[in-house]
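First chain A sits with chain B, and in the next complex the same chain sits with chain C.
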Partner chain A sequence: MMPGRVSTTVPDRIAYARDLWPRGLITLSGGNPAPHQPDAVVWPVSTEEVQDIVRAAARTATPIVPFGAGSGVCGGTLPIKGGIVVDLKRMRAVVEVDAVAGAATVEAGIIGEHLEHELNRRGFTLGHFPSSIMCSTFGGWLAARSAGQFSTRYGKIEDMVRRVSFVDGRGELHSVDASGTPDITQWIVGSEGTLGIITRATVTVRPSPERQLYRGWSFPRVASGCEAIRRLLQRNLRPACVRLYDELDSFLHRGEKDHDEGVPESSGPEAMLEQYLSMLTPTGKSVIGEWKRRAIALALNRPELVNRVAGAVLPYAQKGCLLIVGFEGDKGLCEAEARAATVELERAGGRDLGEGPGLRWLKHRYAVSFRMQKVFDAGAFVDTMEVATSWDKLLDLYRAVREAVSPLAFIMAHFSHAYVDGCSIYFTFAARGANTADAERKYDAIWKAGLTAVTKAGATISHHHGVGLSKAPFMPEEHGAAMEIYRALKNVLDPSGIMNPGKMGL
Partner chain B sequence: MPSPPDLDTSLTYCTYCPKLCRHTCPVSNAEAKETLTPRDKMATMRLLRRAEVPQTVEQSEPLYGCTGCGACTDFCLHKVEPGQALLRGRAEAERDGRGHPALRDLAARFTAKSTEAARRARAGVSQDKRPTEAQIAFFPGCDAPELAPTMLSLCDRIGAEYVSLADGEHGCGGYPLFAAGQFDAFRLHAERMSRQLAGFARVVVNCPACVWAMRTQYREFGVPLAPAVEHTSEFLEGFVERLPIERRRAAAFYQDPCYLGRWLGVYDAPRRLAKKAVDDVREFSRARNEAECTGGGGLLPTTMPDTAHAIAEHRLTEVRQAKVSTVVTSCPTCKRQLDRDDVHAVDLIELLDEATRK
Partner chain C sequence: MSEQTGDGGQAGAGGGGGDGNEAPFWADRLVHAVGAAHVMSENGRALVRPGAPAELVDVMRIAGEVGAAVGIGLGAHNAGGIDVDLSRMCNVLYLDETSLTVTVQCGITVEALEHALGERSLTLGAALPPWSRTRTLGALLAAPRASEASPRTGRFLQSCIGVQALLPDGTEISTRLAPRKATGPDLMHVVLGGRGTLGILSAATVRVQRRQESRAAAAFKLPTLPAALSTARKLIVVGGRPADLAVSGTGTLWLEVDGPAALVAAEVALAERIAREHGGEPVPQTPPPRIKARPHERAVPLETVDSAVLASSLVGDSVRVIAWHPAGACVVDSARAPEPPPADAPALVAALKRRLDPNGRLVAWPGAV
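And then the complex of A and B:
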């Protein structure tokens, strides 16, 4: 079966023992590169081959982990029970782009950037631009209910789906249509491989935008910024992008000389920490070399102090909260919406910073710095927690998570992916352990504290990163008795329990 | 442009990077294999150096899954150079006896091919065009030595009859030895070439990888090279307004060779020349610094021949979709990779020779 496309070699098993779950990076930095190795990796080229693999695995009760590009940050593709990793990337055809239907049918394994490039060549866009677009797949987006940076306008990936084909845990092929009642596509999208392997899907595409208008705004506080976004959305304006950085995140996003320019060229958490340290030094200049690394390590050992100092210093900085708002699409509509947004944002107390910050964000939105990785090689870690709730609970959620995590980690946040009914909050946290075991213990404690606060606030534990392993313990609290429905569905579609076992709280 | 970080830092950056450049890698795109993404190749090298994985031939194989095209570097915020770092990894593998099996007798094969290339280059060139000393001499490289008489004939036609052949025992600048990580053999060869080319003031080299190796790596290995080295397209650009064009092709795609473009920064010269001989020079949707590799670099055709072929086939997709039957390039390796029954790959020298013949 599949000559040349099955591997049990050590290098391949090591390469597929990782995804981008930061807890795995802690383990890696401790000298253990591959604690969860699969027994084999396979690369099917057709739906029929996927069916053959699943049927063979079902006969022998061998676990199967569907794999896109391994960019998940929740451990969703870790083969924790061994078995077979099914890498879908050889199934990567853009099968059809139908201009009249405004739809594209695409195989699951195509890398996101490749898909968008192919659509652009034909004059279309998917409008789906996750930060991981260079290193994630179409199938992975569907499996984890991904959101792009322009989800406010184009929707999340599940909003674009018209049809999904998948092979269930018995090897049966299904093709389900979103226009049916009920919409079965939504049972599969977001199931993270626990019910089957998504092999292809048909999604809505749109003409490439004629016009893009991006601007920066400043609001005195998070609350006034959130209120402005809510008004925009509930007035039915449809910006492509809305991103509000809290006071600390706003400060760290700004260079020393261009406070109103906003958004650095490298926007990784490491760069933010570096910028934060420069804020704490009397001259405001960057600390350099080994001293910088030591200073960051020291700061991460005392997160509560760091958060408190930040709270004390920021009011004097008086820079407020940076808001990026962008519109795109048809030229006339885009310009009209941008004008209406300007009126609304000024009425809500915003200060117009001009196009600069917006265009800089647009240009550098995929730039990620790794300058401080040596710090992270020494027991420190950074992660993000993307949660969401309705507008009425949003600020309570923000405060609750900050209060829960502040004693344990350096924390900041931005608000993005805004909709008529609510918004996502993207927390970034960083901390450090004395050694690998200590770092893992602290990491787990932070997530437990954060997600406990999230569920208590009545919010969802995952807006677009999925659930995987890291959030699995909180699935019962999120879904309550409805987990029984999920388990029943699992029993029907995957009676042998081979599909991505141990994930999603099943 | 920032300098690349040192090797240890580069390996660490890549190990913790979320594979941000993976979409650019021709090898991992063709193979669809995590093990061959730039991140994982660099992570493998780091694990090998830290002795955290078995020191085996199998574990070292991913180090050879790289064409050195530099597309990943172009995308990287920190300008990490996996294409160069992995060659150091290959050298370490060679040193420890876990080098790629397909390269075991490379040095002997290299010598045979290099001397045979020199013989073939000289075969079509008259004695008076093979002086041991000259201002400007042409060095065709080992992949297309037969272009020597074509180039000299073209030079005669455009008023550069003073160009002669850089004749000698060897016909290759040594890039294959460098790409194999066989650094001692490369240094010895560089010393040989330094002696062979000592009588020339300028050497025009047609193979971009060897231009790059001779310009930058000879010096790195402590080998002085007397003549200035330039690529064919850089030399011919000086004659672009004086080309006696007699006929033009209707349409052709232009393929940027990786070493000429990303590594040497030469994008416009070959285009200006090609436009003199082609009515409609088409651009790939990924061109210039974003151009996709054709799979010929880094000895990939030797270590992973099927993958090298698949990379070239992918590159030809747009050419076939556009129903164009010609690809112009200025690299003998790219030409070899792209030439098919239905698509004719043409070296810039051949294109201009054809266009200027009465």
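And then the complex of A and C:
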């Protein structure tokens, strides 16, 4: 079966024993590269092969871990019970683009950037641009309910789904439609490999934008910035992107030169990691001044102190919070929306910083850090916590998480992915442990404190990174008695329990 | 909240009811749970009107203990079980004007909910057809129809961000409220669209809209029906988001837009440009004649909307294509009677039902197309 596309060699087993869960990187820097290795890795090329693999595994009760590109940040692809890693990347066809109906049918294993490129070639866009677009797959997006930077206009990946085909844990192929009742696509999307392997899906695509208008705005405080975003959304405006950086995040995004005010250096916290590591490694090229470098070194050692000082001083020392707002699409609609937004943002107390910051952000939005690991070598670690709630609880959530995490880590945030009824907050935190064990302990304590605060504030523990292994312990709190439904789904679709076992708190 | 317009649907699977004209032996227990004024029983079946979630829980518990089937709005179709009428559970529990969401008990009708929202200059986000106005929120969410959708908000179901429900074994669930989540399958979608067979919705949180600064309506006459359908589809595909959009069987396209004045003007201009590309002309806007009685309706995916409409040999004004949204639309024909609900649930739904409800406690909702 599948000659040349099955491997049990040690290098392959080690290569597939990971994802980008930062805790795994801490363990790695402690000298343990692959605590959980699969027994084999396979690279199917067709749905039939996927079915054959799953049937064989079900017969022998062998665990299966679906694998896209391993860019997940929650330990979702770690083969903690061994078994077979099924890498979908060879199933990468763009099966059909229906230009008239604005729909594309695509195989799961295609790398995001390749998909977008292929759609662009035909005059379309998926409008899905996660920072990891170059190192994640279409199937991985669906499996983990991913969100792109332009989700405010195009939706999260689950909003685009019209049809999903998947092979369940018995090897049976299903093809389900979002217009069905119930909408079974929403059972499968987000299931992170626990219910089956997504083989292809049909999603909504849009004509490539005729026009893109991006600007920067400055708001005195997080609160006024959030209020402005809420007003835009509730007036029927659909920016492609809104990103509000809190005081600290804005501060770190600001260039050295003062006249460059409010210009982001990079695409966001993912690229911030790169900044951290450039500051922490002797060879790294620092993009910020020496005193800022010291501040951050201090932040990693004495987070509570720095957070407190930053919280007290920054709002006054700073020029406020940076907001990036972008519109795109049909030329006429886009220009009208941008005009209406300008009125609204001025009314909300914003100061127009012009196109500069917007264009700069647009240009650097792909600046993803693939070199995150270096920061971990220095004994420090960085991670992100992306949560969401309704507008009425948003600032309480922001404060609660900051308060809970501040004593343990240096923390900052931005607000992105806005909806009519609420918004997500993307926290970035960094800390340092004395040694690997200490770092792991601190890391776990931060997550526990942070997510407990999130749950208590009535918000969701994940907006788009998923649950995997890292957030599994928080699933009972998140779902309460409804976990019974998830277990029932698991039982129906994967009766022998082979699909990505040990994940999602099942 | 009885929905008795439809025919078909499974009759309540027999429970442990009595014979003849007698009230079932468990009727007393129901009386104890919800009060005598809210129980009617005869011929081994009962109609109950719980007034609060705790009473609904009691009803479900009793049903479980005596082995009676439970359905919502089964009415005459209730052959021998408990017919639950949620019309007393119609309170607005929480109106969040900051987030523009409302949490309401599921026995409320669309009409009543719109009335309550109207007092605060709010409205349900989706443009719902007039024949849905007497439906309850529970019916809209558990047994959605193809006509309940609009370009801006998508299917009405997509306005729902959270539910409180009872599973067949009586377990109460309450999903976490957030605009979006990435915490596994969206479990709410087991009960939504489940036609009352996988759980009973007791309350839901749905998005609402504030009345917008300006509003406009426009109409275009297209040379042919296919040209009108192509215009509507193109408008959806390029990202037009009118509040409402409809195409008549004779090739007229109507739309309604609202929002900031600049956006409203641009939306109408976009529609006009696309209509002209298809040989259309603006015509004086008169609202399309109202369809009052519930028509025959059929969901069509955007891919095949033209062939599906043309194949249904439609002419004249009894036909209309409404409820356009990013994935499809709905063809309604007021000259034809509504269709009965589908006889069988999809295989996966049936399998999940066996797991969640091994004794077949919850029975389907008749009239739920």
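The rule we apply is simple: the second predicted complex is superposed on the first by the 452 of 506 C-alpha atoms of A that agree within 3 Å, B and C clash if a C-alpha of one lies under 4 Å from a C-alpha of the other, contacts with A are read in each partner's own complex, and residues count from 1 in each chain.
By our rule, a residue touches a chain if its C-beta (ideal position, glycine included) is under 8 Å from a C-beta of that chain, and two chains touch if they have at least 3 such contacts.
On a predicted model such as this, the values are computed, not experimentally measured, just so you know.
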After lining both complexes up on chain A, report clash or fit for chain B versus chain C. fit
Tell me which partner A:475 touches in the superposition: chain B (first), chain C (second), both or neither. second
Scan A:456 for contacts with chain B and chain C and give back first, second, both or neither. neither
Check: chain B-chain A-chain C angle from CA centres, nearest 10 degrees, reads 130
Contacts of A:422 with chain B and chain C, given as first, second, both or neither: second
Between chain B and chain C, whom does A:70 touch in the aligned arrangement: first, second, both, or neither? first
What is the contact status of A:89 with respect to chain B (first) and chain C (second): first, second, both, or neither? first
Touched partner set for A:399, first chain B, second chain C, both or neither: neither
Is A:337 in contact with chain B, with chain C, with both, or with neither (first, second, both, neither)? second
Looking only at contacts as defined up top, I'd like to know whether chain B or chain C touches more of chain A. C
So in the superposed three-chain picture, is A:389 touching just chain B, just chain C, both, or none of them (first/second/both/neither)? second
Of all C-alpha distances between chain B and chain C after superposition, which is the least, in Å? 21
Under the stated contact criterion, what part of chain A meets chain B in this complex? 9-12, 14-16, 20, 25, 28, 31, 33, 43, 67, 69-71, 87, 89-90, 92, 109, 111-114, 117, 121, 132, 134-135, 265-266, 366-371, 373-374, 376-377
Chain A partner contacts - residues on chain C that touch it in the complex: 96, 98-101, 125, 143-144, 146, 152, 155, 157, 161, 167, 171-187, 189-195, 198, 207, 210, 212-213, 233, 236-241, 258-263, 265-267, 269-270, 273, 299, 301-303, 305, 326-328, 346, 348-349, 351-352, 355-356
Considering only the defined contacts, which chain B positions touch chain A in the complex? 9, 12-13, 15-23, 29, 32-35, 40, 43-44, 47, 50, 52-54, 56, 58-59, 61-62, 75, 77-78, 285-286
Which residues, counting only chain A, touch chain C once they are in their complex? 98, 100-103, 144-147, 156, 158, 162, 174, 176, 178-184, 186-192, 194-195, 204, 206-207, 230, 234-238, 329-330, 332-333, 335-337, 339-340, 343-344, 388-392, 417, 419-424, 458-467, 471, 475, 478-482, 484-486, 488-489, 491-493, 504
